[in-house]
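For reference, chains read A, B, C, D, E and F in written order, and residue numbers begin at 1 within each chain.
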């Protein structure tokens, strides 16, 4: 993919043209409060010591959006006792679930506690999941596409409840045993980046650091007319058929647009963007980044595509170490 | 797609190797009874006389699987009064919903009453829908993929409730005003063909004629190892990741396999199959057809692909006229 | 396909840069007169009453461009006697022919007489046809590509004679039994839209209403440099090889460019355009639409692709009813 | 493309299952006689001496099938006077025309006279052409697809007249100035290979050597069910729609099947086949090769695809030199 | 990809038809000896403690095939002192290099020492590398394709020297500080699986356990005629052009065929194979597996594709723990 | 591909934004001098007179970049004695090698001596080659990708030594027997066009005429951000992963950028460009063309793609004849 979006100097100052819905803070507060009020106890079950040995792995279940039970992994460094550790909450990219813990050993290896949140109703496309999208969706993951699920009403929209899951994961992580709640970070790429931004925006008092890689769900109205790539194109496909729902859907999408939510972030934030990323186009990423008022940094990769370079990971690790293990 | 499946002479006698689950009849009876017991009244609302004039169109809502409300269209010939007409129930292919009534004027034009059943949680891919997949899925259609939704338990599986919707649609159609319940047919292509076979198998006393074009969901275990085409490949994708769910998923799929259900059909049945159909491979269609004990006919198109020729439609219309307007 | 063409506000005023050939009206008058002068009698043969029952279907043959015999279907509402009905002439999209009558029952179901014109030398790609492209082309349809057939001379160009077919179809329709010639509409999508515009432009006294969906063959010089999609790209392919024919071909294309012909339209015209349509790019559609001086309306679908939403059909039906059954 | 056809040992003995139409020889004799009887004089016009200098190039026009005028190039070695030279007739692959003479300098460079036959109604896809497909097709090449043109009647079929063109090209070549008619070869690849085989079969007394590379149009009934690749798939596409024409089309195809015609060849014949050629599958090539009774050789390339290796060209040149310049 | 290879019961006993080259052991001994004799000292340089903290990471350089210097990473568990640890040598898949250490933290997290070998002349396609393919190739990785590099002579063939690199990596690993040389395993997927098998076969006295996932370069002659997928298809492409090199290349490939080398393995070996893997077809994997005489196990994934499920990783970790940390 | 680059009027004046490296002339002089100083004698071996007869073909080997031996073909017109002829040096496109001489008979047929230079380390993709990329790469061609080989240092970069090969080929050609060194031209398409421009720029005193078709490697920094097509995209892929090498690689690419070298050309130069060429985008070709100070001409094909029309060949032949055979 060549450079197809705005030139870099315009990206540096680009802001979304989508106005914020009125009462957005109260609206989100109501969603989160609804989840909290129906929450049940978080459970932890030790997972396969015969595989992971001294590195502690627990299968976690907590109450997320609408009170639905959300799965996850909790990992602790090998030999870590009860001492309070900095904790990172990890979110997963589109189509994927929490996978197996062996996919997530890196942060624990470097001394962090780590909560990996499963993605409700996703998994089976490139990884595995264990969380259905609420009652009536069976007992497990689903190889699905969710961009238009419930899109006719913000309260019903799939990403509304997924964002609440992400906020709840932060709240749960802060109370896990052996965690220092004042040293909490969120991170993830693509959809995981979107959830990082959303959690940092909607639970600002909890999140110290936010590392959002090539984040999805920013400046969505622009995104769905700028790229032919999925998953954004799911919305375009749907609206190509549902002429009657265009306005309604665009309205709903505003509630989960990180270019609008990002101004609420107070955590120090690190973003990476690829100028050749057609899945999360650079202008949409900058629309969110430029809206952040907190301390922030952005890594601009001139040849970066959505599958960003693993070389970025070392920079991210240094960022997390710098903020959480100063 | 060239000929990739068994030679035609072997197709003529091919039978599925998948054994039927024990107690399949009771199991389905329980599913259907559950739906009936929670059913609420069917509602009809006149739709756009300014568009359709004398041709009567009603927006229908009835109770389907698990009691969920299912939408549909009811169409009656122009100028038809209350006289009891033969009625055809139409089911839609994968990814599609009931669309607009103007997509379905043909049967009414030829003197049939016609109930078009919407497909829960589908629509927005190539047509439009209006029915969510039960509570918690919003208020409308969804551009989704459903082959693995609830696949870990037959009772939770998406197609279980969709099949119940199809049975309920037959029951509802038989009781619509101006319908002669003794002259009822089911029809559809691909997923619509699967629903036609399933409805004829699970409501045999109601269905006089069944016209199933290139039916999906037959001999499923074979299908998912024989073709790389979607939607069957959704299951293969899912199980390529979820090694732990292979046996469970294969078990579930038996409950909705039309190659197993088809022996229950008593309606006269017409099937069309394409020898170059890689989406619903010919051996899987024959696996269902060969299991039917009722009067039957099959049209074998040597160059037929999944998007079958419209020339077949005239043959189907004659079949329906022959059985329902003798 | 994202938005790739001009922004909507520029589309609203965009005009083609291609100048009209001198003497275009006389040139077309000569083509049409040549066809009329060699025309033979229109024949009608009743088609399959055992399939269509009371809904009248006739297999029509009339004389089109160059005197070649063109096939079509004539359909009349069930039970319609001889009373004069409003009549709609339907044209088919690229690669398709008249198909079977069961593909065209909707208008008759709603009370219109309907003449469906076959497309000479097309069919067999996604539907069926029955009309060869004149003598020497066999006796039937052909799975062909026709964008460069005869492109070196306007008089030899395939679309010249196809446009004359379309005009002749209007003249024939007006004289069919049971037709009110004062209530005549033309309609179709893509190539069918091009033929609708052309017929309305070249037979303005005959056509009361024109419903052209995502019309092809508008602002052709721009189209062939703006999109990589077929069929426009057939011309680009051809001229990538035939460097010697570039000027000649561009000259020919002016004669069939609806952005030039459209100013002749007097019928009330309804157009639909998709901003994501890469097959008939929106600026080319607007180039024709903006040239129309008659009463007109345009439906702009922001996420519309070439395969337009079926939801548009209801709007089109109301348009036809409004103008022809006031 | 991996090995997808019969194993090599079975290929060596494979014969077509298609029976020969009755009276095939008389039928072809009538076609050729019809062409001869309407033939007009062959014309030669010197082409661009400022480009080609001493190497003689003439633009040729002769009468082919149905009397239609066919274009070609006639090339003679640099400095060749009037001495009678061995002559090679070259036929072009599908979609291509005669191109420019600079594409064909090799044989003249090596001392052969060379007649390159244009392909009626083809060109503009990957090369250029100059011959329309008879009257009514304009004055030039066409970027078309011709596999189903006239397929409902052998006499109308496109390839019938193209085969007659090929036979006529041999007759014309034998009478060109400076040609030794007893040393005449035909050659070409793919469609050009098909025309080589056909010309050798239908004008056996004229052709001394035949070099057919990866020939098309052999064992056609098998080919159209064995490969998904175009152009064979044009027929399958057409018949997927035209259910009513399956038998008729299969009947027509027998008349131009080189697996049936090949037994008439008396020229020494050289064939090359690729075991990975999905466009002209190896069994279809062997079906023709195995039917040849004349002296013959075949080069079997285990990794060969349709775009055969240029290394084969040296072998072909030696074959031609051996037979025509002994 | 559906099941395209032998049925599973035949896979269980399938053996390669390719005979072993004479003197294969001596030939490989000479290659390895040549490498040893030109080897220089292994160097270790501490890498980014500011990123990795207590987890020890060293940038390694050692002498591989032909004496070329090969890069790698050496990782040790956080807080590990000098105590001798079991050690795993990791090899990388085709097109990839050693990437960054953060890609490889899992084994160290679980208590293993880990040497990750870079792949000479690869990297830049989906990960990064740091090792050129010997002198004259620059100083770094290359985004290349290497299947035919030096294929005309076994001694020159790219994979010959890469296999020697793999053997040398085992020798180097055994002598790293803090390593128990009696508890050494090799592992990798695809090309990494091929290198694991080759290292276990060519350094049998050093390797205690071998975990080869979906191994590449097994039964190569069959593979290149069975699949159209790259990288095997690089060879087919090359030989489609180089008709003159077919025999030579097939001869060379025998020297690096793991289906021939595998009988030399003495380490306990674990293999995973996917029945839908078109990149490393199942029969080729079984050809190597069935040739192993040592204790062994195979995981057969009926829906497995080349990108195997991450769920397999837990099984592999238990296998390594079981053999190296009993 | 539609028009995707600058409008034609801007192309006419477009200049690269990349600055020339300091000391570029000395740097190249050093490279060429290094090659000359290690050069060994050029060898010629007569090739297959049984195939080519009077047309003389020799298998040539000469010393190119770094002293590596480079293969080629030397062809002379049939019957040419020792008289000094004008000579053309031909370079090959990306992925290809010198192929067989029968691919190159045209120029000899028209009276030119012709040296065809093989491309080191290329071949086997669409033609064949015979030259490895220096020592350690085996003895033959390789089906490879070379855009990033040695890209971290200009002296190591693959194209540096390939350009030196091209210069050396000119020097060698000028001294071949039967050549008039004052009438020497270079030509080629794509990569062959790049080598033509580079040879004309770096050996200006030797080259009288330069015919560069759709030349590659011009304005490279722009090219790799403007097109997604290979081979330019190899660089983008590599740098998408190797974030650490972006600056280094961009620096290296300046040394081989024909938009910078072209100002050194003194030969009369003919260029062809296609406005729809996405492999060598038109602005990059114009960047080189506009930098040429010598007499020049450009053929702009509005529908031209990278596979340019063969009709261009006649114009090129006239250009060569005009300059070399006045």
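Throughout what follows, contacts are C-beta pairs under 8 Å (C-beta built on N, C-alpha and C of every residue); 3 or more make two chains touch, one makes a residue touch a chain.
Quick caveat, the model's predicted, so the values are computed rather than measured.
Novice: By that same contact rule, can you tell me which chains touch chain A and chain E alike?
Specialist: Under the touch definition, chain A and chain E have B, F as mutual neighbours.
Novice: Hopping along touching chains only, can you work out the least number of steps from chain A to chain C?
Specialist: The fewest steps needed to get from chain A to chain C is 1.
Novice: So which chains are sitting against chain D and chain F at once?
Specialist: Of all the chains present, those in contact with both chain D and chain F are C, E.
Novice: Enter the angle, 0 to 180° in steps of 5, of the rotation superposing CA atoms of chain B on those of chain C.
Specialist: 180
Novice: Any idea how many Å lie between the Cα centroids of chain B and chain F?
Specialist: Chain centres of chain B and chain F, defined by C-alpha means, are spaced 62 Å apart.
Novice: With centres defined as the mean C-alpha position, give me the chain B-chain D separation in Å.
Specialist: Going by mean C-alpha positions, chain B sits 50 Å from chain D.
Novice: Distance between chain C and chain D based on Cα centroids, please, to the nearest Å.
Specialist: Roughly 38 Å, centre to centre.
Novice: Taking each residue of chain D in turn, which ones touch at least two of the other chains?
Specialist: Chain D, residues with two or more chain partners: 126-128, 237, 241-242, 244, 309-311.
Novice: Can the chain contact pattern be summarised as a line, a ring, a star, a complete graph, or none of these (other)?
Specialist: It is other, because the touches fit no line, ring, star or complete pattern.
Novice: What are all the chain pairs that meet the touch criterion?
Specialist: All touching pairs, sorted by chain label, are A-B, A-C, A-E, A-F, B-C, B-D, B-E, C-D, C-F, D-E, D-F, E-F.
Novice: Give the list of chain B residues in touch with chain C in this complex.
Specialist: Result: residues 48, 50-55, 77-79, 99-103, 105-106, 108-111, 126-128, 307, 309-311, 313-314, 317-318, 321, 325 of chain B touch chain C.
Novice: Flag every residue of chain F that touches chain C in the complex, lowest number first.
Specialist: Touch list, chain F to chain C: 1-3, 274-276, 301-305, 307, 309-312.
Novice: In the complex formed with chain D, which residues of chain E make contact?
Specialist: Per the stated touch rule, the residues are 224-228, 236-237, 239-244, 246.
Novice: Which residues of chain B touch chain A in their complex?
Specialist: Contacts found on chain B: 66, 123-128, 132-153, 156-157, 234, 237-238, 241-242, 244-245.
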